[in-house]
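You will see subunit A twice below: alongside subunit B first, and alongside subunit C after that.
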Partner chain A sequence: MLLRHTPQEITERHALTINPAKTCQPIGAMYAALGVHGCLPHSHGSQGCCAYHRSALTRHYKEPISAGTSSFTEGASVFGGQANLLQAIDNMFTVYEPEVVAVHTTCLSETIGDDLPQIIDKATKDGKIPKGKHVIYANTPSYVGSHVTGFSNMVKGMAMKAETTGVKNGKVNVIPGWVEPADMEEIKRLSGLIGVDIILFPDTSGILNGPLSGEYKMFPEGGTTMAELQSAGDSIGTLALGEWCSADGARYLDTNNKVPCRVLDMPIGLMATDRFVDAMRIIAGVSVPEELSHERGQLVDIISDMHQYFFHKKVALAGDPDQLISMVEFLVSIDMCPTHVVSGTPGKAFAKRIRELTAGLPYEVNVKCDQTADMFLLHQWIKNEPVDLLIGNSYLKYIARDEDIPLVRWGFPILDRQGHQYFPTVGYKGGIRLLEKILNALLDRKDRDDPEQSFELVM
Partner chain B sequence: MSQVIFAEREDQIYEKGGDKPFRISCDKQSLAGAVSQRACVFCGSRVVLYPIADALHLIHGPIGCASYTWDIRGALSSGPELHRYSFSTDLGETDVIFGGESKLTRALDELIPLHKPKAAFVYSTCMVGLIGDDISAVCKMAQRRHGIPVIPVMSEGFKGNKRAGYYAACAAMFRLVGTGDTTGIPPMSVNLLGDFNLAGEIWIIRKYLERMGVSVVANITGDGRVADVQRAHGAALNLVQCSGSTMELAKMMQETHGIPFKRVSYLGVDDMAQALYDVAEFFESEEAMAKARELVRGELSEIYPRLMELRKDLEGKRAALYVGGAFKAFSLIKSFRLLGMKVVLAGSQTGTQEDYEELAEICEPGTVIVDDANPLELMTYLIEKDVDVFVGGVKERPIAHKLGIGFVDHNHERKLALEGFVGMLNFAEEVHATALSPVWRFTPRKARPRLEALS
Partner chain C sequence: MDPAAIKEEMLSKYPPKVARKRAKQIMINEALENETPEITANVRTIPGIITMRGCTYAGCKGVIMGPTRDIVNITHGPIGCGFYSWLTRRNQTDATAPDAQNYMTYCFSTDMQDKDIIFGGEKKLEAAIQEAYDLFHPKGICVFATCPVGLIGDDIHAVAAKMKKKFGDCNVFAFSCEGYKGVSQSAGHHIANNQVFRHLVGAEDEGKPGKYCINLLGEYNIGGDGFEIDRLLNKCGITNNATFSGNSSYDQFASAHTADLNAVMCHRSINYVADMLEVKYGIPWIKVNFIGASAAAKSLRKIAQYFGDQELIERVEEVIAEEMPAVQAVAEEVRPRTEGKTAMLFVGGSRAHHYQELFKELGMKTISAGYEFAHRDDYEGRHVLPGLKVDADSRNIEELEVEADEALYSPRKSEEELKALAESGLDFKSYDGMIPDMDEKTMVIDDLNQYEAEKMVEMLKPDIFCAGIKEKFSIQKLGIPMKQLHSYDSGGPYAGFKGAINFYREIDRLVNSKVWGYMKAPWQENPELSATYVWE
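Let's turn to the complex of A and B:
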């Protein structure tokens, strides 16, 4: 039992996190920045942060991840990191020739109080940013929020590049949130089917799910271009998919560029996808295209064909708020029972929303989203009330093994399986894939556990 | 090539056999803006200490430092698994303003009764260094209250690179050494320093030593236990592998406890055999030497036929290596030589001047030696030197694969034991499998000539 040191009895904790269900802001900023075309993320802090984020993203995407670091020393930590950042900007544009450098801070540079806008302004005035190249930035103090907050902050940094010319471009901005490259690709496909011209930002498709090309490209094809980001201020509206990941950027455009925004849930599962499709359809002024209705029908078909296997199965989930909200809604809609839900990302609205979504169930769901909302607590909850299925990232595999519960890997990070960067889980087709994964997990377990006499060929 | 190397970095790269005399600049801070493969002080401390399985490892800082180092090394334990948990004080905004000492105190008071560890290590991080928490004082008080050693690890990330972190880890462990009872430790005894029991490697080495009649007092730190470290001063000799990480501890133990140390490597047949002979020689035991010879003979005869089979396919192929510390590179170069392969690029994140001099000496002419490389430099040399197998860590793997080059993880993520004689065979099998993998036929580099030949 790998987690044999986890007791069943839950004692109150105040000052510590054990086996976290979150990580810190900068990695989210780095992931978001990778979704900008020709962008080199830059970590303004000591070397370790950058190495950790690159390693973690590499383990999840199995792709090379490049990012610069200000390589803070003791001197920089005392006198401020301005000199380091100026030199870094100069070096990066000279040697790696990115189109864009996306600077994010760390706990170190935030605590020192480095002023990013001022330093970047100085870099511009000193001529360290070549003509036609750009620097975007986000403040991402590691001691506030979580990786999700960092993603959201960098998205807002992108929105800050939007310009308003007064002439509308006829496009819709879509902020997909922290989803996989395949999900971003799927959102573009869905928009194309409905006939809405979109500016998707960020867009990591093509960058973090690229082919073996025989060369190592620091800046692969793909990503939202700077021209698109600038044009986002002329769009007719913004759809933010997920309150936690995407809403801040959308609201910024609303306030500053008068681009009206709407915040939707991430289009995961039947109902959330319906709402996304409906919003897009209204914008385009069309009815839902036949092809999409067909896909929806297929999703409903698989739910109906297999609903007896979903019935009242208890699920424990760990992950990020936007994803969990849509997933919990989906599970409830197919008659499964989300029982324990943790997210390390703080924000009381999350727990409230989960309670609303599960209000119709005959029991009260365990939900927590603060410092002690970690996998240690989740495990203790499971020990006290066992479940049939786990859904979340790879770190759940310890619990899955110890408690002998099947695990569907979904979320970030997935360090030990493949497929997440290639197959979407958003949209109707994504829903079908999620159901396939859930069913496989449940039915494989049934096949393993059924006694010989009731072992079934046909299910 | 020139455009991918910063002008300031030219003296960190050296090609052997040119008309330039050997000179490499190392142990210097990476340039700001460089896409360096290096990490920080905390990372160095964390990877060295974390395999001590019955200790509590509490990371005092914002959550990231704990999340990214949660069970990443694959350091196996034969007993407790407490080291595979991730404990953090998860500092927030108010802690930055008012200090994190009270939170740390509380965390220790909640954790120690809960898990009853044999000792606690408290890691300092960047932010803690800045807000000025006196973690030594907090640890001292907690130690008094709970009656177990509570040891601060001064690993603020910005204080240097990984090597500074190794030093901080050694300083922390040194506080344990000498506090345990040494009765019953036989005269022919050693500590194993600088082995982290990846894929169970330390178990292989312990068995070899046991077969020679040598007992092991403490594993430092793979499959490590607090009590063993506490009585490590009772051993007659320290065997130091991966010299970067634990050499400081060996030096401290020599100064204070008079324990001599030997630098060894368990990678490759020559170095593995030499390590065993060195031990027998140290103890001036003919019996141990005879047993070592017999062991080496036996083990070699078991792996040799298969090694030679693999060599037939590998002869003449080219290898590149980019590792954490340069010491590992020596053994790798010898291992590749045994397989008939040529090392054309050798680099490390944190090599010292001595390391690189020795490296330059054993490399063949034409070999490129590089300190603190960036991905573009690595790619350029991999292509220019037409490399067949690249040996590196997690960030290097996808670069090799994108280029269509075989890869062997010689770092945290190795899945097979690479130490000992059986490790040499595993290494050879892995190199063979990746160098000759049929997948490379479909990659542009290899497919193009094949397609051209067909047309």
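Let's turn to the complex of A and C:
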């Protein structure tokens, strides 16, 4: 057994996290920054942070991830990292020629209290930031929040670049949250179908699902441009897709630029996608094209076709709040039974929301979202109440193997399978793909386990 | 292309200060007999220059202590460091024994929050150690400091000592391996090895039985390398008492002082442990290399020569004779497709040297190489050690003062025996480094960065480039196959004879893959329309 030391009996832990269902803020800031056109993320800390984040993102996206680091030494840790950051900004603009550098902090630079706005101001005054180029930033101490809040903080850093001219641009800002490049592409396609002109930020499509052509572009064509970010202050409204990843940036634009916002769930599954499409329709004042209603109908069709295999199957999930909320709603909507749910990202509203979504079920769901809401606890829950399916990142494969439960890989990070960069799970088409994955996992298991007498060709 | 022109071209884009610094770390090999030019290494990374390097915590927790299965490793810090070092290195371990403990699949962290940073994290650490002990009752618990721990001044060593005393049956000790220390992972290796030497080695007097008993130092069992080396050693009748630290367990470290020879694979990460084991316990050390079939054969012969027993010497020859034909058959099959091709290797502190052997066996030429975190002696050889300047960054990394152990010191060979062995060609405490093994006019580059990597590939167009995961896809976007020599891209083992066969086949697959021919679509190859369909 790979997790042979995990006991069935649950004892309370207060200090020790085991097998976390989260990681730290800076990686989220780095991923978000990669969705800005011509942007080089920069990690203000010791070089290990940057190396770890680049490695983790590369393993998941299977694409080059470039990012700078302030490479703190013991001296910088004592005397402050200003000199390192100034030198880094100078070197990065000279050698790599990005349009934008997106600086985020780490536990190291936050503990010593480096003041990013002041250092960036000094870099500007010292002429280290070439004319027409930009530095954006986010404070992302690793001892607060999680990778999800780090993403959110960098999104807010982008929103801070928005300008208000007083002349509306007729566009809608859409903040997609930490989803795959293919999901961002799908959100753009859906918006295009409905006929809404959007500014999507961040947008990693084209950057983290790029082609192989014999050419390496450190800054590929994709990403939200600086001009778009600046123009976001003139948009008619902002849709934030997910409270945890996207709401802060949207609320910032609401408060500072008087761009009204609505916070929706991530458009994953039937109902959340319905709400997204409906909101877009209302904002644009248009009718939803038949093509999209057709896609929706296809998803409903698939649900009815597959329903007998989903019905009352128990599911355990680990992941991030925005994704889990929509996924739990989706599972309930197809009569599956989310049974255990953990997210390491703190926020009491999450557990409350999951309880609301599962209120109609004949049992109480196990849900936790704090420091000890980890995969160790999830495993113990499963030992006490077994499930039929696991949904979450690659780390769940250890539980899947030990307990012999099928696993659908979904979320971050996925380190042992490919394709997630290319096939969306948002929207109606994404819903179809999710259901296909779930059904395959369940039926592959049935085929493996059915006795010869009842082994079926037609299912 | 003239290497001097390449170097100049690479430096031309840098700000002057960066160019001056990098110039000393980029060397055109003009090695002559007994004389190698000086290279600058183990110096600070330049802020903003996209480096391949990681940090001290990664070297300590990830590399050295990561592969030990039965110690509970608790990261004291915010969640990230523990998360990123959770199962991401491919250290294999054999925990199939019925009562074997294996915590390598787990990640343990104190997950420090802002209140712990403000008020101190010692209490939380103490509670975390207690919770780990209550849940698992392991033989050992290790604690690893992350950056903020050093800054807020948590005394992790005092907490560890207190808990060790409290438990009585669990060895608890800590590592001050904050990420900002040193200039690379290398400092973390040193901090880890020092603590293993201080808290573990010598604690257990019963080593593995065997007539020819060695320790293998600096082998981390990535992709099962250590398993293949163990297979060969077993076949020869040599006992591997303890590997530092691939496939290792608590007891193996504890009895390391009972072996009669230390064989050092990765000189960079562990040569000082070999030195300390010699001074304290009287165990001599030799450098070995099991990467490459002829290097593996040579290493087995060196071990046999050390023990000097005719029976062993003959057995080793038998094993080599038995294993070699299969290796040579594959080399001969593959070589027509690899002969004359070129490679670049930028990795680690020993692999960029060791793997040149395998490429040589494929008829491939290494045109440029360098280490990520090595020191000058790994490039130029140990003769430069007395002249190395200790800078501010190195001074902060503890050097243990070791003396002969009153009870346990026992020289395995007399002065005369050592001298005789040396005269017969067995070099003790010797490593000549990478540079003498490289051709004239090749380029040796320390701490290569992303910009230089891209430039080198564009200008010299190697047939294969070897580095790590962060470099993998930027190189491959250029249409050049990239082989990871940290994780082996899920492949391996590549050590020993079976490993050589695996590597030959892998390189053949990579450099001859059809995919590199698909970069351009037909309409990109011939953009001009020269004909049109005549559709009536």
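Keep in mind that, in the parts below, the second predicted complex is superposed on the first by the 459 of 459 C-alpha atoms of A that agree within 3 Å, B and C clash if a C-alpha of one lies under 4 Å from a C-alpha of the other, contacts with A are read in each partner's own complex, and residues count from 1 in each chain.
What we mean here is this: contacts are C-beta pairs under 8 Å (C-beta built on N, C-alpha and C of every residue); 3 or more make two chains touch, one makes a residue touch a chain.
Keep in mind the model is a prediction, meaning the values are calculated, not measured.
Enquirer: Have a look at subunit B and subunit C on subunit A after the superposition and call it: clash or fit.
Expert: These partners clash in the superposed model.
Enquirer: Answer with first, second, both or neither: which of subunit B and subunit C does A:48 touch in the superposed model?
Expert: A:48 sits against subunit B and subunit C alike.
Enquirer: State whether A:88 touches subunit B only (first), subunit C only (second), both chains, or neither.
Expert: Both partners.
Enquirer: In the overlay, answer first, second, both or neither for which of subunit B and subunit C A:15 touches.
Expert: both
Enquirer: One more residue to check, A:63. First (subunit B), second (subunit C), both or neither?
Expert: both
Enquirer: For A:141, select first, second, both or neither according to whether it touches subunit B, subunit C, the two together, or no partner.
Expert: both
Enquirer: Considering each complex separately, which residues of subunit A are in contact with subunit B in the first and with subunit C in the second?
Expert: Shared contact residues on subunit A (touching subunit B in one complex, subunit C in the other): 2-5, 7, 11, 13-20, 22-24, 26-27, 42, 45-49, 51-56, 58-59, 62-74, 76-77, 84-85, 87-92, 95-96, 106-108, 111-112, 141-144, 146, 210, 212-218, 344, 371, 376, 395, 398.
Enquirer: Sort out for me which residues of subunit A touch subunit B in the complex.
Expert: Residue list for subunit A touching subunit B: 1-5, 7, 11, 13-20, 22-27, 40, 42, 45-56, 58-59, 62-74, 76-77, 84-85, 87-92, 95-96, 106-108, 111-112, 141-144, 146, 210, 212-218, 344, 371, 376, 395, 398.
Enquirer: Using the touch rule from the top, collect the residues of subunit C that touch subunit A in their complex.
Expert: Within the complex, subunit C contacts subunit A at residues 13-15, 18, 44-58, 74, 77-88, 101-103, 105-114, 116-117, 124-128, 130-132, 134-136, 146-148, 150-152, 178-181, 183-184, 392-393, 396, 450-451, 454, 468-470, 472-479, 515, 518-520.
Enquirer: Residue numbers of subunit A touching subunit C in their complex, please.
Expert: The contact residues of subunit A facing subunit C are 2-5, 7, 11, 13-20, 22-24, 26-27, 42, 45-49, 51-56, 58-59, 62-77, 84-85, 87-92, 94-96, 106-108, 111-112, 141-144, 146, 210, 212-218, 344, 371, 376, 395, 398, 415.
Enquirer: Can you name the residues of subunit B that touch subunit A in the complex?
Expert: 3-4, 6, 29-43, 58, 61-70, 72, 80-82, 84-93, 95-96, 103-104, 106-107, 110-111, 114-115, 125-127, 129-131, 157-161, 375-376, 379, 394-395, 397-399, 401-404, 443-445
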